[in-house]
Amino acid sequence: MTTAAMPPISRYGVPRLEDLPADIRDRIVAVQEKAGFIPNVFLALARRPDEFRAFFAYHDALMEKEGGLTRPEREMIVVATSGANHCHYCVIAHGAILRIRAKHPLLADQIAINHRKADLTPRHRAMLDFAMKVCEQSHRTDEADIAALKAHGFSDEDVWDIGAIAAFFAMSNRLTNMMNLRPNDEFYLMGREVRRA
Amino acid sequence: MTTAAMPPISRYGVPRLEDLPADIRDRIVAVQEKAGFIPNVFLALARRPDEFRAFFAYHDALMEKEGGLTRPEREMIVVATSGANHCHYCVIAHGAILRIRAKHPLLADQIAINHRKADLTPRHRAMLDFAMKVCEQSHRTDEADIAALKAHGFSDEDVWDIGAIAAFFAMSNRLTNMMNLRPNDEFYLMGREVRRA
Amino acid sequence: MTTAAMPPISRYGVPRLEDLPADIRDRIVAVQEKAGFIPNVFLALARRPDEFRAFFAYHDALMEKEGGLTRPEREMIVVATSGANHCHYCVIAHGAILRIRAKHPLLADQIAINHRKADLTPRHRAMLDFAMKVCEQSHRTDEADIAALKAHGFSDEDVWDIGAIAAFFAMSNRLTNMMNLRPNDEFYLMGREVRRA
Amino acid sequence: MTTAAMPPISRYGVPRLEDLPADIRDRIVAVQEKAGFIPNVFLALARRPDEFRAFFAYHDALMEKEGGLTRPEREMIVVATSGANHCHYCVIAHGAILRIRAKHPLLADQIAINHRKADLTPRHRAMLDFAMKVCEQSHRTDEADIAALKAHGFSDEDVWDIGAIAAFFAMSNRLTNMMNLRPNDEFYLMGREVRRA
Amino acid sequence: MTTAAMPPISRYGVPRLEDLPADIRDRIVAVQEKAGFIPNVFLALARRPDEFRAFFAYHDALMEKEGGLTRPEREMIVVATSGANHCHYCVIAHGAILRIRAKHPLLADQIAINHRKADLTPRHRAMLDFAMKVCEQSHRTDEADIAALKAHGFSDEDVWDIGAIAAFFAMSNRLTNMMNLRPNDEFYLMGREVRRA
Amino acid sequence: MTTAAMPPISRYGVPRLEDLPADIRDRIVAVQEKAGFIPNVFLALARRPDEFRAFFAYHDALMEKEGGLTRPEREMIVVATSGANHCHYCVIAHGAILRIRAKHPLLADQIAINHRKADLTPRHRAMLDFAMKVCEQSHRTDEADIAALKAHGFSDEDVWDIGAIAAFFAMSNRLTNMMNLRPNDEFYLMGREVRRA
């Protein structure tokens, strides 16, 4: 099929690694060594070093901290809310991470389309219902929402985490949509061969 | 990760092949021989033979006919509009078909999330803009929409095809959502290994 | 009042009866003999014989089958969902059929505008609430919706019928909107003189 | 068909004519003599005499004044915007008035469902486009909207009239929806027999 | 900061006081003497004397009558619904009146943005929930809404008042948006210095 | 008027200053010395030190950097998008900052309600149109949006700034809505006495 020419990573272009501040270059190289490629979001944001540093510091504080929600749970929130925001980069990149972290090859595609009919436990359904409410109508959140989460064993700190991840990706989705950030081709296939027990 | 128990194919259950009318069983067997598995929509609809026959006759009239839109173009319309309708089955099953027919492993996931930022030619962007308008607000379609399509070389018959495919899957998406139709696990991985030239 | 010139039946024109395949011409003649005129949807779809056959086979499987929902109930679903989709043809044509089948001259106009405040029994209100949910947000349907219908005596098969009729007219409304299908003038007055007992 | 019991005119009940202030009773009697029946809105509002007087004074200032928009044009605005607000009473009552004043038995039903595909002149299409914008998103009205109306010969005073009628019925639709005001059965059939020249 | 030139009060201009009918001029002078300035809505509507008279008669019947809702309660309804309708004039002018009448300098700004998170008693939260439903989707109001108000001690007449004020400002907001009515500069600061006990 | 009891600053409570890490305490003390009070967002976020540091690093990178958009322009973006997200804290706190930085006591209240009818230059109208698109439907941003900004003299870097500020407050609004963050009473009156030249 005739397709569009390979589009650029971002409408803003990307800097050369060697032109970047050392701390940013180091972070990018570390990611590349771990993943085998550089996720485009690192290159796209690197042209604004202060924003790069704050973005990833925030990201890590929410997504990499110890305790609280499991890693797959955090990625489920990202995929569901990024689907609602129609963000290519985040659905496809974090869909890959969710497949890998959950060792579940199907869940990400389901959640991106409609978490309400995905293969979820009631606990995860409640978690994503709240994340989607923060994503789509945070001004209507209330104590009944919190109570619904607590009924599934989530703590007040977990509620903060769920809401804060949904909020962080409300930002991230808008940034990547604004710059037409293109997901790396590598993401699409990652984690798809894992079989469920 | 702990996940929900494997849910049923459909909230309505599925009939046994041996209990089906011969023409329906034959169609299902033929599909199975070609695909290697039975797509769940065939089993789910088979318990209503008259509806099964009409559904697939209509499907084939739009999706399998000679001439007009290419096969990948038709699948692009299905994936885009089914994404807008949050339909698991159609996005995942037709995403697989689109990957195979277009020999393009990335396009389906992009279109399902946001056709506006997918790797599309201007012609295909215009095609999907119209399909989405029929999907989401058909009462606002007008001659300016038709003119926009003609500017990209689509004929009046092509316009009908685009709109009719969007309309048919408006029905299909609602049916499968209503019955919680679950896509076969096989679809998720199909066509993902094909490389673009 | 100065009005627009009488617009065409459809932006696609209509074929001549004598040019149609015999089975399609026979069906159209039969409808004409029964109704006294040819409803425009028959003429508009006849230029695509395979689609015509599938469309009416599906229509009849849902709208003319024995058992299950009553005929007026089926028409109520059509009118309510076609109103939500802003479809002239289906509201006006099926409004006429509803008036005749229900022997009720008022209900169709009420349902087309707002089923929530129409002269409905609680059973019919529940039926239309579900039909409208399938029409407008099928991805949110869940077991609570089914339970609400069962509380009014609807069976699982009735639920399928309600949803499938809403789904079929989601397609039909989009087709007729896309082609600017104009309802026959005859429909507007049909069934209006019937008095309630 | 089994239908709901005849519902009351309004959830607030209606006063007895003999209990009303003389000016209100006189107005109601005059309407009854002209129309042959008392439109329910008069009875429903009469229990609040000051509001009754202000409502009809405002109504008459917009709908009965000399000059400017024609009578059928004003009724077209009422029917279109009342359809958007899903108001039984106003669509059905003013649909009747539109049929009579325009001597056109079809236009009201078309406009109530979708003015964009009704049998309208371009001038009336532009008029209703603006009325619907005032109805649905008045905060977005701007000078381009005014220019579009002026291109069809509407004056600044006409623009005010179009917008003010849409605004007045934004109020009226909410009042009648809030009180479940039921249209008189007589309205449904009025003006339907008139033939277009 | 460079800002736009001081825009006109209304896109329709304003008449000279001395050209107005005596009753309208008297009312305007009376308002001016009480408030110290002429609120722009009086000038903007005065060019249409009949509409001016009906508008303020209706306004007074709802907003100035004895009994029922308190004055601050009525203004809370105006501010909340005018915020939803994105109407500068009504939010800013009635925000000032609310601050003064409630002797509360903060509530108006909170309610204009999001009544759900404002410093409200449960009774006032319920009142504004209903007002917003009449404002945004009056066709869905039902007996459950009324029951929720009665649980907080509102009478049937109070329900009418809440709904009627929301309905009246649905009109007023559209009128002022249509004419780009600009709030007087005086309103912004009024009532802000009052301290809560 | 009887009002709700003074609600807490945040549903999560706030830490004691003396329990905070030194860098966070120092930042809070510095803000307090400059503003005369501690804006609640500092206290509410301080219980999560890593998120506090990242949040304010990001905030400062966008809102305090040299060059590009003026300070009032940045605050205009915050107020407009926070109004769309119905966020008390950000509208009221940044409304105060906008009044002070723009030396304009009226603009913030106007923009919070409806930027389209505020006292804006065409340049600022275009800036806020884009910010609102990033806020509300970032997936639809395209090159035409960028071109519209460039026609008013905005550079590519300015476009990034506008979009990134809208994106950052999409996050901030959701965080503060989730935790019911209450704006300090001091904000409401700040900057209101400044007179335009």
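Each chain carries a letter (A, B, C, D, E and F) given by its place in the written order, and its residues are counted from 1.
As a convention for this text, contacts are C-beta pairs under 8 Å (C-beta built on N, C-alpha and C of every residue); 3 or more make two chains touch, one makes a residue touch a chain.
Since the model is a prediction, treat every value here as computed from it, not as a measurement.
Within the contact network of the assembly, the step distance from chain B to chain E comes to 2. Following the contact convention of this document, B, E is the list of chains adjacent to both chain D and chain F. Residues touching across the chain E-chain F interface largely coincide between the two copies, over half of the numbers being common to both.
In terms of C-beta pairs in contact, A-F outnumbers the other of A-E and A-F.
Computed from the mean C-alpha positions, the centre of chain A lies at a distance of 44 Å from the centre of chain C.
Averaged Cα coordinates give chain A a centre that lies 51 Å from the centre of chain D. Chain C and chain D have Cα centroids separated by 27 Å.
Counting partners per residue, chain D has 86-87, 114, 117, 139, 177 as the residues that reach two or more other chains. If you draw each protein chain as a dot and join the dots that touch, the picture is not a line, a loop, a star, or fully joined; it has some other shape. Across the assembly, chains come into contact as A-B, A-C, A-E, A-F, B-C, B-D, B-F, C-D, C-E, D-E, D-F, E-F.
In the complex of the two chains, the chain B residues touching chain A come out as 1-4, 6-7, 70, 72, 83, 86-88, 91-92, 101-107, 109-110, 112-114, 116-121, 124, 177, 180, 185, 188-189, 192-193, 196.
Taken in their complex, chain D has these residues touching chain B: 114, 116-117. Per the touch definition, chain A reaches chain F in the complex via residues 11-12, 48, 50-51, 53-55, 57-58, 60-62, 65, 85-87, 134-135, 138-139, 141, 143, 146, 156, 159-160, 163-164, 166-168, 170-175, 177-179.
Taken together, the chain F residues at the contact with chain B in this complex read 139-140, 142.
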